[in-house]
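Labels for the chains are A, B, C and D, by order of writing; each one numbers its residues from 1.
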Amino acid sequence: MDEANAILLLSCPDKKGLVARLSNFIFQNNGNIVHADQHTSKSGQYFFMRIEWELNGFALGREEIPVVFTPLARQYDMKWDLHFSDYVPKMAIFVSKHPHCLHDLILRRHMGELGAQVEAVISNHQDVRELTEQFGMKFFHIPITEKNKEQQEERELEMLREMKIDLIVLARYMQVLSGKFLANFSNRIINIHHSFLPAFAGGNPYQQAYDRGVKIIGATGHYVTEQLDEGPIIAQDVIKISHRDTVADIQTKSRDLERTVLARALRLHLENRILVYGSKTIVFE
Amino acid sequence: MDEANAILLLSCPDKKGLVARLSNFIFQNNGNIVHADQHTSKSGQYFFMRIEWELNGFALGREEIPVVFTPLARQYDMKWDLHFSDYVPKMAIFVSKHPHCLHDLILRRHMGELGAQVEAVISNHQDVRELTEQFGMKFFHIPITEKNKEQQEERELEMLREMKIDLIVLARYMQVLSGKFLANFSNRIINIHHSFLPAFAGGNPYQQAYDRGVKIIGATGHYVTEQLDEGPIIAQDVIKISHRDTVADIQTKSRDLERTVLARALRLHLENRILVYGSKTIVFE
Amino acid sequence: MDEANAILLLSCPDKKGLVARLSNFIFQNNGNIVHADQHTSKSGQYFFMRIEWELNGFALGREEIPVVFTPLARQYDMKWDLHFSDYVPKMAIFVSKHPHCLHDLILRRHMGELGAQVEAVISNHQDVRELTEQFGMKFFHIPITEKNKEQQEERELEMLREMKIDLIVLARYMQVLSGKFLANFSNRIINIHHSFLPAFAGGNPYQQAYDRGVKIIGATGHYVTEQLDEGPIIAQDVIKISHRDTVADIQTKSRDLERTVLARALRLHLENRILVYGSKTIVFE
Amino acid sequence: MDEANAILLLSCPDKKGLVARLSNFIFQNNGNIVHADQHTSKSGQYFFMRIEWELNGFALGREEIPVVFTPLARQYDMKWDLHFSDYVPKMAIFVSKHPHCLHDLILRRHMGELGAQVEAVISNHQDVRELTEQFGMKFFHIPITEKNKEQQEERELEMLREMKIDLIVLARYMQVLSGKFLANFSNRIINIHHSFLPAFAGGNPYQQAYDRGVKIIGATGHYVTEQLDEGPIIAQDVIKISHRDTVADIQTKSRDLERTVLARALRLHLENRILVYGSKTIVFE
């Protein structure tokens, strides 16, 4: 008996009857829909849907589903992805010197709530090696200079391919990834930015927030694109600050925020709840 | 051309194919689903759904829909309600002495964002008469004593029936309504309670919050049931307080909260987004 | 018996003994300090303080206080303001077409919690005239064009001088005020900006927020300076949005935020809790 | 040169001139006040103050301060505590089976932001032993049964005394401590309760929140007293939930909350910002 669910994430030009057509596809194959959510973009006349159904009792095997679904998908000009709830994605974590987000992911892994397999922690510094290895994860030190960057990214890509990495998490990774690198992981690299984007994009957002005298700071989890800090936003949260907070205080407060926002963005991705549309996300919660 | 949408709110024991069956009902009658959301209660094996579709082009007239839908509903043992998005519900507002929630509703009405027709403001005091009449709404002074309560409630019920009231809002109304009264408006009376229920149920929650020394206070919008302060919760929100806040400060802060939480609960009800299940609500946002 | 309190707001270069010196000044004149709060800017070595004490029993009369205090203030090179808690500041509200913030101020006035006297509502449009006059406030229609702007601002300044206006609130006023106008009301004009500054400064922040796909929107209450949207921030707050929210939904959600943030910024100003330091505020709460 | 600050936390019946008297005490001994905050309880006519000043240049040595201050304190009938900012308190963490709060404290310790020395982790189970020892902290397994409770608490008290423990943190410790035990650590035991107290006091608050259908859940950090869940509240925070959240989802969401609220309560205590007054706290932030 297959205890897992199938999850279909799709988008296509809007047409009458799409929900019926899709729910019929499940029903006629004896599937039980556990959750269905859809959204229609008013302006773009575009349709988005997430359907989750039980594989238990479903007439089609896992490999058969895409075969049988493809003609229907073509008919409506759909982009689609099929996921199974029992698949554990392989993840690589990139981190530089600040360990708080990495440590938070370690905690969630330790508690069995991460939902992904950490295959590698990759850093341009040695600072988090001990912490990483202490918890039985592989650590790779790949220093980046202006000169060796292209070469080192090649090496990283090779490693990631070998390890069949599904998802990269930039847990406070301070290097800019090249367009070539990003192209290999489109919508599969999640970054945590330590500001409430688009405010304080770029360098040192703590200092920027302090200098501007804002009363609230934030953190943003987003997919990485070539335009730095402009990728589709997945999750954001904020916390109050006051004139008493120094830059160091802002950093301390922000760290808690960064941890929870990154964890939230990651969870939404791993539960296959996100569709990217242009520079924005549809998040089915 | 009918620009409005139809909205179906339904619940029934969960069965395979329900989503398909329901979306087919719309599709086969040439309807375009604008929004569909469903929920299955894990424990109770119960199914809840909200479907909204365009009447424009729909094969069935407004009166035909229930006729044609009834057999399907019976087959699945459904409880259901059909609404039309262009119907403007008739509302009565009950208020005692504190005018802030009433005033907020007046503002929203003034700005055209209320979504309901205020047919009457009913109060056991005279305090808000001037404000009410100033904005062209009818005011009824119906004082309540222990002796006359039953009789006055009869009178109110008669008025409400005559005015064909769909919904009662208790905008800080300090009288307890009898079970008999409530039975006439099951799940159609919304109250704003000035605490984060179930904390500080009962009288003077501001004082209770002050005495307990909590660091956060709240407000709760809920349907009214015979068990005071135990009706199904629709919306809640909170705000921080500190040791500096006196009972009067707590009251001032709470007022802003009460206004927005009541407005939110009301909007959810008027957009037909709420299903009541036992002592809880399913809110399709 | 004088039931009011005196409030001293001051700033000066930091020196040892300032708190003692200042609290002695009160004590030696037989004053009872009700609240004292101070802050020292780490970087700038600057000292800020707010002291509030009871006039009841105080040895100095209201007019004597500044006379006696001046030598002490000079000694420490202080900037300072003296306020009395029973003084009701005179306020002018500028508004264009969106009435929600004005309406909110009317409510607070109606409930006796505004803390200021509304002397005039000034608008470049006629839309809010009726609402304003209905509540017994004076309305002045002063349309602004590119050509007449300088002249109209002169007229406004004259009116404001005549009415002895202490504070101007821009309750969604869509005209840019000239540097000359601003110079007359330095740190005495409060604006509500309908975004979480510095994000989405400039025009149409609702549309900007929608286009960027943020998951949280905000509102900012700030003092107005010549650099548009860059004045010292007094208060900010935020609310969550999702991909379902259209620009119109964002506007509706934002309105509630704008009302409460403006009310909060206004209250902090009227309670003399704000010191401006460069482009930032010290807020003693 | 002494780089540390002295911090005085005191409370006494309110009298005119207290702020002046206290700031003079610092000033006359050539101290530089870095931060001073005070509060007067309206009802109880009680005065609370926190003063922090630089020891660098102060005329009195650390041991002399209490000697010289005592007469002044007696005169005003003060309760007071003197702390030094460079003292690192010794802490014991009690935990049962849920490791998330412990893990969070380990992270903060690892990052050097804990502000206390963890002398021991004490548990009635073995679950967190490995995690604890992995980070070089001492673990003590002290199982509690109804029979051995008194005896085991004796043993614990002895250990704590030997280790000169200043503060106990109950990081999800599921045993009720006896009045006798508590008396040894009055206002020095901090507990994290997994609900928004006073709502859902007692057992299984996750289930209680689910059953009641609240839309927001919370967590509460408080000092432990004999009346279970009624100790003085230090910090609270909340998070939104919906009808979609199962009891397990509520637990997952709550865990993040519990971690940050406990960390916040702990930080406030360690920075000597809390005064307990009856069943409430004054928190000088």
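To be clear about the criterion, a contact is a pair of C-beta atoms (placed from the backbone, for glycine too) under 8 Å apart; a residue touches a chain by one contact, two chains touch by 3 or more.
Remember, predicted model here, so these are calculated numbers, not experimental data.
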* Check C-D against B-D and say which one is joined by more contacting C-beta pairs. => B-D
* Structure fact -> Maximum distance between Cα centroids and subunit A occurs for chain C
* To do: Mind checking the centre-to-centre distance between subunit B and subunit D? Centres are C-alpha means, answer in whole Å.
  => 42
* Asked: With chain centres defined as C-alpha means, what is the inter-centre distance between subunit C and subunit D in Å?
  -> 37
* To do: Name the residues of subunit D that each touch 2 or more other chains.
  => 244, 285
* **subunit C-touching residues of subunit D, taken from the complex the two chains share** => 16-21, 23-24, 26-28, 30-38, 40
* To do: Quick one: which bits of subunit C touch subunit B in the complex? Just the residue numbers, please.
  => 99-100, 103-104, 107, 110-111, 113, 131, 134, 244, 252, 255-256, 260, 263, 285
* **Touching residues on subunit A, where the partner in the complex is subunit C** => 39, 42, 196-200, 212-216, 218, 232-238, 242-244, 246, 279-283, 285
